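Supplied in structure tokens, the structure appears directly below.
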Amino acid sequence: MLFKYGYVLAFLVAGVFFILFAFLTNWIISPNGLLGQKFHENRSVDTYECGVDTIGTAWVRFNVSFYLYALLFVLFDVETVFLYPWAVSFRKLGLVGFSEMIVFIGILLVGLAYAWKKGVLKWE
Amino acid sequence: MSGSLKLLKLINVILEHVYKFLGLTNPIPEVINAFITAAISFAVISVFVMFLVWMERKVSAHMQSRIGPNRVGPFGLLQTLADAIKLTTKENMEPQKRDKIPYFIAPIIAFVATFMGVVVIPLDKGVTIQNLNIGVLYIIAITSFTVIGILTAGWSSNNKFSLIGGFRSAAQIISYEIPLVLSLVPVIMITGTLDLQKIVEYQAHAGYWFVGPQIIGFLVFLTASTAESNRAPFDIPEAESELTGGFHTEYSGIKFAMFFLGEYISIIIGSSVAVSVFLGGWIAPAFMNFLPVPGFFWFVIKVLLVIYLIMAFRWTFPRLRVDQLMDFGWKILIPIAILNIFLTGLWILWFSKGV
Amino acid sequence: MKKIVTYFKDIIVGLVNLILGMSVTIKYFFKKTNTQQYPEEKLPLPDRSRSLIKLIYDQEKEEFNCVACMMCQKACPNNCIKLEGARMPDGKRKMINFKLDFSTCIFCGYCVEACGFDALTFIPEDYENSVYQRGSLLHDEHALKWVRPTVASNPPRELNQSTQVI
Amino acid sequence: MEQFVFWCIAIFIVLSAFFAMIMKNIFHCALLLAAALFGVAGIFVYLGAEFLALVQVLIYVGAITILIIFGIMLTHKMMDSKIIVMNKQVVMSAVITGVLGTLIILTIYSTAHWILPALKNSESGYLTHSITTASVTKNKKVVTDVYTLGPALINPKKGFAFAFELVSILLLSVLIGATVIARKDQEG
Amino acid sequence: MTDLLLSQIDINSNSLTETDEYIVNLGPQHPATHGVLRLVVKLDGEVVKETMPVLGYLHRSIEKICENRTYPQCITYTDRVDYASAMSANLAYAMAAEKLLNIEIPPRAQWLRMIFVELQRIASHLLWLGAFAGDLGAFTPFLYGLRERERVLDLFEMTCGQRLTYNYIRIGGVMIDVLPEFVEKCRLFLDYFFKKVDEYEELLTYNPIFLERTKGVGFITPEEAINWGLAGPSLRGSGVSCDIRKQQPYLFYDQIDFKEEISYGGDCWSRYKVRMNEMRQCVSIIRQCLDHMGPGAVEAKLPPVLKGPNGQEAYSRIESSRGEMGVYLVGNGTPKPWKCKFRCASFNNLSVIDKLTRGWKVADIMAVLGSLDIIIPEVDR
Amino acid sequence: MNCEDLKNKLEMDFKEQVHSLNITPQKEVILTARDENYLDICQSLFSKPEYDFKHLSCLTAVDYIKENKITVVCHLWSYSQKCQLTVKLETNREQPRVPTVEKIWKSANWFEREVFDLYGVIFEGHSDLRRIMMPDDYKKFPLRKDFADDGFIVKPN
């Protein structure tokens, strides 16, 4: 069990190391890195905004619509989590399980329809 | 036993002998094995991604009646390698006002999250890097992690384009994850397993691919996985004509390359899952059964075909607007996917005895 | 009910139109490409092409056709021709210095049209005029010297000699 | 080996949780929280609850963190370096967390009598295996696998069918609540 | 500028659900602003609160230059006013000068002018189609458009020797007669091109994504559109019959049979559709011109030096590819115009962008900008 | 409506309110308005159905340096009557001030900004009179005839 996920862990650690290695290579051979000349022009490290100076910071309070989608997503994600155990043993559970899941999804669909009608799914 | 499995067994035996010779005991050989596998996967995937970038260029070029790369190497095959070298040796430009640590780790998250998904893809009969018995869920869970990388990149660059791109990307990925999950449920209902290897085997036994009965599911999955990997027509996070580069506007050189690599790996994973679940994975097409080629070959062919389809999407369609994208996900794909589950349920109940 | 029907109808119609669009690109995928590989395959220039301005040199008389009448200099809207003439001992006017600045030339063709002595011409030969230094775009009469090949193979260009340019 | 992995994950979780608490930049806190949640998923894998682990990643890391980050984007002055991490409620909260922590530890110790022997007897080297066998011997019923989870949930006689349907009602109410908030927001 | 913009943002709002407005510069160095247009956009999340175009990045003061050039010399600068449809700009200026100087043009020159202006309209619309589709994220139509545009340019190059800045239409006629094989080649091109338009339409017109992006976006009513000075296909997309070729026929447009394309949607899609249909109309116009064209001189007899009559003025308008292009010339008895003003369609079409995009999303700015067919040197001159 | 008809009609309606009204050899009707009647004339040209000049085709200015005046020139077009009219208003060069027609034709907004930018004519009542082409801190008015070119303009000899 753990052994199987050991591969996952290995991929995680190895992936991080590969990237760090690539960054290291880049840092060594790139023009402004270890071996290159330390050339630094002030304007080149400015924030890009189509060639003109930025106005204000980018860290502003952002639109609320994103938040509502995230909220909906959490709900449906929870639903799918219940859906999977049901789906794998669908044949075992038969009609009873099916009808129960219909009720479960149905209630959520009612919610989705409600949200749809009330304009949550509409981006201001 | 398939050819590729034999080969793997052979390698395993050789490695075991080596470990025995060195006097290593459990669990160290296993750890070494895991890391060797990861290294090989990384190398193979990098080469495959390079091939895909070349393929994308060629496909797009020919669709637009151009030739595409043809200077570096035969048919321009080494063009991507040249680009990779260029990206590696490029000066690493970082905006002064960035948020340093998140800026640094964002490409790592974005890459590693997709890279971890490779583990469970069934390459051939009985050949998977590590078969997990809940493989489908694993891939979905792991790839959903990408969004944090992209969001971090968008936020830490302190650039308005990046910020908008990052947020769009987050909203998009979370919205399309649900149809993605829902479109796989009917297949799981039929097969009764979350193991990708077993799903493919079920198709081999049943004699048909799920793309037939589950055409709706396949289309929904293809759409959603295209959206998950931020590909056109769902490429609003990096929408070139609006946001110049989206979340990777401020990334250059190797860091940009990592996002790029991650994006392509996520395409590979998406189409691999599509192939395994809907297109019969490593099963040879019925009329070509006699050919003595390993299943891995068929798997790659199918993956390339699906990727070709995704590329054709990109070079044909305009880009959706962000709210239309959300509408499409929530108002069309999700209801259809749920309807598909419902219909499949009825279908199974109708044909299965004893209920 | 009607809404539901339209909902599904829209999806199907949309899908059909998407496939229709894909059919165009995929059709072109299998067609021949239109690209010309530039440095190897060069497009032929038409005879009337306005690409390089040359001063015609008469090989028999061993002199330029130009008599420094200053018409081209006056006709040039961008002031890129600098011309100096002098009266020769035999009484003829002759061009002694001709400078053409290609960095400001806009290839309008007025100078060639204004020339009444068949001294300036466009030749449809070359369009690779880029250089690394701006100064090297300033050509004098030696750089612009061009001998017309035998008349049969390349007849003089039939630009109408209009007087309206000044 | 297992012990080593366990300690790694544990230290990772504790550290990221701790820094999530004290960082001044809220966005960094959110990222560290995601890391901590990811670590918890690792612990679940370690305990053999792979389905739970993936659900943890899917919902907590993939969804809740995004929700939190979106929430952060609605706050004011998220980049201010003068943000006060501690406030007047620090004593009160310390007392409450202390009490809760003690309670949890006590609970663990009071129930640990069936874990510890199993640990000692464990030969296979897999902690998870020991726990599952132990729990089987204790409760005669094991719910760790996604393949057994479905019947356990839905089966109307033995399972939790009613609770399951109740969950959908709960989700519906949350959805309607969100809708109401959104509508209010649009009107105002 | 910065202070002005910052002052418009209310920083001190404290409500919980309220969001900050922020300012983004789209351009001058931006992939989608067709040159060096700069749009300062005030956003709330994704929603556009205000769009402020900042012009002048390509201002070369062509009008001032023209005041220092002789009448014929100015034509070379009209090429640069609208480089994507230089023939139309040439024609507009030449017609104004002819009006001022009272010059009659031989008929063959008129037919040639019509052929070339309509060919130029095809080329310009093809470029627009590519840019518009590119703005919406579909890159392929751009290359298809350019592929066909090259053929038009080949025809131009064959005739006048240039591919972009032609200086072909002159005061009193055209520069030079076409080659004998031109007519046949032109017909071949028209037959080839007519089928290609259907292909573009297949690719885009009823594509659901394209419809979503353009239907209803950037809506403007006919009355407002007229009042804002929109012109050309952009105005006809609002359902106003405004084609100068019909309103105030010049050349021989009254002698041939063509339809003025009008669409009543007033949105991006209608403007798109008008232009697509116009390309078909162009083909029909050119075919008729080729039929009508007889032999004859291509240039009027002109005095050696053209002098604008003192104190007189002329304002002449033509239907350029982008809409109404007017040239206002004032003479003062010298060979140089006292005043030369180009009224360009893009200038007015761009001025309406704030109205069209307010309340829409960032992506719609690009769709609207693309559908208006802005060309920056025409705006800045 | 041809130009004679238009001229006669204008003569009937605005006889007292104009400086001059004539047809040029180029068959254009030119109306030179008095300062105080300029806006009224424009308004009635815009709104009266027999004129219906809904389209402001062009608005520019001409610098007559010898007469020491700047003339603001509007070219109007009527889509329904299919006729063209030129409306002029003269102002002095030192303090060029004219009323804005932005309230009547919105397209005048940018035209007037352009004229302000290049000629320095101040349009009274304009909603947003800023420089449009030149930099904000630019001091000169390039299209005026006495503009010193700073060596940027290459004049042919």
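Read from first to last, the chains carry the letters A, B, C, D, E and F; within each, the first residue is number 1.
Basically, a contact is a pair of C-beta atoms (placed from the backbone, for glycine too) under 8 Å apart; a residue touches a chain by one contact, two chains touch by 3 or more.
On a predicted model such as this, the values are computed, not experimentally measured, just so you know.
Ranking every chain by how far its Cα centroid lies from the centroid of chain F, the top place goes to D.
Between the chains A-B lie more C-beta contact pairs than between any other two chains. The chain with its C-alpha centre at the largest distance from the centre of chain E is D. Each chain gets one centre point, the mean of its Cα atoms, and the points for chain C and chain D are 73 Å apart. Each chain gets one centre point, the mean of its Cα atoms, and the points for chain B and chain D are 28 Å apart. Note: centroid distance chain B to chain E, computed from Cα atoms, is 44 Å. As a whole-number value, the distance joining the C-alpha centres of chain A and chain B reads 15 Å. In chain B, the residues that reach two or more other chains under the touch definition are 27, 63-66, 132, 137-138, 155, 160-161, 167, 170, 174, 177, 194, 244, 315-317, 322-323.
Within chain A, the positions touching two or more other chains are listed as 5, 9, 49-50, 54, 57-59, 61-62, 64, 66, 70, 72-73, 77, 84, 87-90, 92, 101, 105, 112, 123-124.
The set of chain C residues that touch two or more partner chains comprises 18, 21, 24-25, 34, 77-78.
Across the complex, chain A meets chain E through its residues 49-56, 58, 60-66, 123-124.
Here chain B touches chain D in the complex through residues 27, 99, 101-102, 132, 134, 137-138, 140-142, 144-145, 147-148, 151-152, 155-156, 167, 170, 174, 177, 194, going by the rule given at the top. Taken in their complex, chain D has these residues touching chain B: 1, 25, 27-28, 31, 34, 38, 50-51, 54-55, 57-58, 61-63, 65-66, 69-70, 73, 146. Listed in rising order, the residues of chain B touching chain C in the complex are 59, 61-67, 70, 312-313, 315-317, 332, 336. Chain contact summary for the complex, chain C toward chain E: residues 10, 13-14, 17-18, 20-21, 23-25, 34, 45-46, 48-51, 75, 77-78, 106-110, 122, 124, 158-160, 162-166.
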